[in-house]
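The first chain written gets the first letter, and so on, giving A, B, C, D, E and F; residue counts start at 1 in each chain.
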Amino acid sequence: MTTRPSGRAADQLRDVRFERHFTKHAAGSVLVSFGDTKVICTASVEERVPPWLRGQNTGWLTAEYGMLPGATGSRNGREAARGKQGGRTVEIQRLIGRSLRAVVDMNALGSRTVTIDCDVIQADGGTRTASITGGYIALVDAMDSLVKAGKLKTSPIHGQIAAVSVGIYNGMPVLDLDYAEDSQAETDMNVVMNEAGGFIEIQGTAEGHAFARSELDALLGHAEKGIGELVEAQRSAREG
Amino acid sequence: MTTRPSGRAADQLRDVRFERHFTKHAAGSVLVSFGDTKVICTASVEERVPPWLRGQNTGWLTAEYGMLPGATGSRNGREAARGKQGGRTVEIQRLIGRSLRAVVDMNALGSRTVTIDCDVIQADGGTRTASITGGYIALVDAMDSLVKAGKLKTSPIHGQIAAVSVGIYNGMPVLDLDYAEDSQAETDMNVVMNEAGGFIEIQGTAEGHAFARSELDALLGHAEKGIGELVEAQRSAREG
Amino acid sequence: MTTRPSGRAADQLRDVRFERHFTKHAAGSVLVSFGDTKVICTASVEERVPPWLRGQNTGWLTAEYGMLPGATGSRNGREAARGKQGGRTVEIQRLIGRSLRAVVDMNALGSRTVTIDCDVIQADGGTRTASITGGYIALVDAMDSLVKAGKLKTSPIHGQIAAVSVGIYNGMPVLDLDYAEDSQAETDMNVVMNEAGGFIEIQGTAEGHAFARSELDALLGHAEKGIGELVEAQRSAREG
Amino acid sequence: MTTRPSGRAADQLRDVRFERHFTKHAAGSVLVSFGDTKVICTASVEERVPPWLRGQNTGWLTAEYGMLPGATGSRNGREAARGKQGGRTVEIQRLIGRSLRAVVDMNALGSRTVTIDCDVIQADGGTRTASITGGYIALVDAMDSLVKAGKLKTSPIHGQIAAVSVGIYNGMPVLDLDYAEDSQAETDMNVVMNEAGGFIEIQGTAEGHAFARSELDALLGHAEKGIGELVEAQRSAREG
Amino acid sequence: MTTRPSGRAADQLRDVRFERHFTKHAAGSVLVSFGDTKVICTASVEERVPPWLRGQNTGWLTAEYGMLPGATGSRNGREAARGKQGGRTVEIQRLIGRSLRAVVDMNALGSRTVTIDCDVIQADGGTRTASITGGYIALVDAMDSLVKAGKLKTSPIHGQIAAVSVGIYNGMPVLDLDYAEDSQAETDMNVVMNEAGGFIEIQGTAEGHAFARSELDALLGHAEKGIGELVEAQRSAREG
Amino acid sequence: MTTRPSGRAADQLRDVRFERHFTKHAAGSVLVSFGDTKVICTASVEERVPPWLRGQNTGWLTAEYGMLPGATGSRNGREAARGKQGGRTVEIQRLIGRSLRAVVDMNALGSRTVTIDCDVIQADGGTRTASITGGYIALVDAMDSLVKAGKLKTSPIHGQIAAVSVGIYNGMPVLDLDYAEDSQAETDMNVVMNEAGGFIEIQGTAEGHAFARSELDALLGHAEKGIGELVEAQRSAREG
């Protein structure tokens, strides 16, 4: 029978931790860990909106993603030095932004832009799902700080989301792949869901051979379980 | 009861057409139409590989996507003039490339690079799925031309793929959204499958509210039906 | 005696065709063919002007030129992917813009910008002259659509232009060079004229040895004949 | 009767001066003045060729053009700071390079690249024609220095070229337009010729209305006269 | 009498801490804190050298500097998204690289490149001096790991360096300015010294009025004291 | 005993010359020579300020630096063609701008931007100090022209600055290094001072080994002497 490199059960998450108020300047700041994957997520609020929203009394949320050059096994070149963000980066930050926009009431936010910055300081697989899951906490903290500062009556957050990866490793559907699994996986899927089990985003790719509907169903089952636990972990972190 | 702007049934594709040998220089060249969405797909073969594959006697396939400035209702700025490809473009061309690589035996291709260029000349929703579906035909034609020219013994294509969009429009799961539907859809999903019904790629996004597992199942059902028909249409075009 | 690769007479144009309304979104849209050279020309109208014309109640016309990667014998890299337009592209689109501006009354156009996009889908020599000649039709159609829509009382077009290449091939002055001739020509000249035989633009280059005044005169004679026929072809297309 | 702002006769050049060996590092270095237009032209030689010429035992010549920010009436932004060369710059440096390549025997040059840099330090019309005319001197001086250094047996220069602008100002064909004329000209033409009166390049543009064949003939007559005088001035400078 | 916002004595450093092995992938990885300024410094080793050093059996060290968008009071835009590194970034990373190259024997390093990445996660003044001081520890740890791995016989580090800022705040020379002081300072100076009290780099700027030789002497005195303490702190961290 | 390649005494400047009104368009224009180093410095005035100063009735001064490709022994690539300014350029132009801002009363300047452009036409060491010293003259001339034109009542310049390099060459502290010395120097320092002997900027770098406090003192002594003479030379040029 197949075992996972980490010895985890097929449907077992890595240790998940949220270190809130990790830095002091941003309105929300969280160091999220999915095992050895560590991402600093900050939420910054600016009292202005992009040009296409001006004068509409509505807000915006956008996300940016980066990876420190030393975060990976062999150094990955700094995108600022290369003069452009790579395709993978663009894809990931668009996913983070779309996902988090799904739980923000933009009218209630008012003419403000929230920017979620997710900077990976140590990578071990699942950086985009850790970013979404941790970015959610940074976002909520930032919105609460606006309420506390009297700038908003109530928080414009109307739901809770978390994200996890699932995949087929050595023929076995597994939850929350680390790098050792991810680099070998036949199928890789990222799932974003809300606290009620609704889907926000599904992105699945057959790396090796095509996957069957039954495999898809197994993967979605793992994802539902994992996200249920992540939602709980977020709640604990928020109350702690 | 909801009706679609086009009057189509919920699980009905638009007219699909493939105009092979649309231009004369590229090894494969197809004008694909999904209704009013029209994309020129060309497959070009170069006798070299990217740096990271040199000396490994294996090939590569990559895809690029573009949209003519006049292809949309209001002119969309030329990316070459802006000096960079936008995030949407990057995301789409990565999807096209990943999908088509799934059916190419890179060792059999040898030290060659195939580039699939998909340029939208008229946009009406579903440009990325039309690109994949038409790009497949251009790819196969290009490989056949290599065989005919004696450069390859047999075609390195080991499967057939097609792609289609599905989504929830006015609460109703529908197949192959046109622009009028796409711009209003609550959920939008692109599905790439092979001729045996295996999944190559799934990308689903809740645009409005989260979608339920039952909705996901209905969408996948539509996608399976649509892709079955597209696979048939590709076969007819290839024989025609 | 020298013969042309195509068997044409020295002063004979290739088959010229204009397919109006080639795509549906742009205000003007023409597929122009000079033999195997095929260019999609669209004219888009935006209700704004560049910064330096604001508040002056006058309009502007600009042109952009591109070539699909698969349009040439060996794939030419996508400028959007390289992050900049090449020198040849810049030179061509400036020529197209200058030429077409010569027949537009900018005050009569009002505070609008017309963008002529010329995208070569198949190249066989003479892409810039085909672009100007076809772009003129797209421009006129776009202006007529503004009149029809009640946005303009009369069309701001006050003349008709067409363009053709002439050159010296194997010592013989010839009209409308195709790629086989162009790549061997000793002298290459592009001429833009109006319907009254006035010159709008002349760009001649000695590729091999310098050309004499008598050769220049012969080339201009060919150009005058060719443009006369192109002006007729434009008229037929407009009436068709 | 029309008079020129400078009081010159219609077919009169401005004072033309060549200050050879203007700077000490480049193989050829000339400060050329056409009246108040002053351009530093340097010719640098590198013992390598562009990738597409490697191993062919042939050389290359290329040109680059720039304008100091303070060279014009109102400061023109530095292209290095903007991060790209403008369309006008690209067009001009391509013209300079093409023109000078016409008199170099690339096989005789051997595996070397000559770069002609033309940097305008004071602009008053005609910067491109001054650049070609002065760049020729820098080029010849650089080739002579290679001969003197024993790197070449004989100079690979097999002809002499010069360039001048002609145009129609207030209805009158004039030679060598200064800025006051150039900014008002109805037609503007740049002509490059060799010492035998052969044409290397003609670029004429109708700025206002189209120009007639008779006007073109008058302009070419002025150009022939002017270039004859410039060729003489180059000879004197070379002997001085 | 003037007091510092933090209540520190004029010649008192902030709390300085080095958290070695902060991340697991890079050969050296340190989180350095100068009070509330926190920088992740990693040292990565690649078995290749820049083109200009190839075949010379010598190594190279370079540094890159960045700031997370959320590291400052108001969000500072991501340089990767803007497509270029700003002038301040370029200046700082050149300073870090020059300073650390001063203590590396490049021949002993062999054909390797060490990259020091300094990424500020929280900024409160003095980020460049913290980067140099912490980068030194990361560098030493990385070199020791090469020795441990048998790739080098001995460490190529032949000295120890640290850096500190000094400045004139409210007329008083002070050591190690925090942001509250830095933003008001009349003179700001960064000093890099080695463990023997030799100067590696001095960069002093009069922000308000020019500073006198006597003021410069006082600042250098503070710098010498501060760097003595930093060198001690580095030693303790290395032994810890 | 060590001698300098030029035969100069250790504390001897090169011949310094200022050619005012070198070009005619810019408000201030100076060709400054420090021996064989020649820089064109122009000061241009625009009646607008950068965005962050709008509506504050205060002005700005910025500087840009460039080097003609032919200014150095082997051609240095044009930054405009490479599409970005290099790190050295950025560092130098920031230094020039900071230094000159130190003597301008920005409120007295009013809502204007002065741009100092320093373009090296011949390089032989010390281009940045020549740029500052010559840029000062161009700046003063430009401000005087504003006064003469009635746009300012009095000049907003409230001090005089000059800059010089000092360094340790073959163990000997020397003043105003030329390229032969600079490329061999163990320590290189640029000093900017005002006419009263106050320091505006000090930037010293140990190129070989660290330098001692006594060496620093000797270098500063040379700098003070040299700047005293440069200040005199500026005065003579202004009166001449």
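Just a few scattered comments:
Just so we're on the same page, a residue touches a chain if its C-beta (ideal position, glycine included) is under 8 Å from a C-beta of that chain, and two chains touch if they have at least 3 such contacts.
To keep track of the chains, here are their UniProt names: A, B, C, D, E, F = Ribonuclease PH.
Keep in mind it's a predicted model, so treat the numbers as computed, not measured.
Path length between chain C (Ribonuclease PH) and chain E (Ribonuclease PH) in the touching-chain graph (shortest route): 3.
At the interface between chain A (Ribonuclease PH) and chain B (Ribonuclease PH), two copies of one sequence, more than half of the residue numbers in use appear on both sides, so the contact is built from largely the same positions.
The mean-CA centres of chain B (Ribonuclease PH) and chain C (Ribonuclease PH) are about 32 angstrom from one another, to the nearest whole unit.
With centres taken as mean Cα positions, chain E (Ribonuclease PH) sits 50 Å from chain B (Ribonuclease PH). Each chain gets a centre from the mean of its Cα atoms; for chain C (Ribonuclease PH) and chain D (Ribonuclease PH), those two points are 28 Å apart. Contact with two or more other chains is made by residues 83-84 of chain C (Ribonuclease PH). The cyclic arrangement of chains, read from chain C (Ribonuclease PH) in the direction of chain D (Ribonuclease PH), is C, D, F, E, A, B. By the touch rule above, chain B (Ribonuclease PH) contacts chain A (Ribonuclease PH) in their complex via residues 84, 87, 90-91, 93-94, 98, 102, 159, 189, 193-194, 196-206, 209-213, 216, 220. On the side of chain C (Ribonuclease PH), the complex with chain B (Ribonuclease PH) involves touching residues 23-26, 29, 36, 38, 40, 42-44, 46, 64, 66, 68-75, 78-81, 83-85, 89, 115, 117, 119, 121-123.
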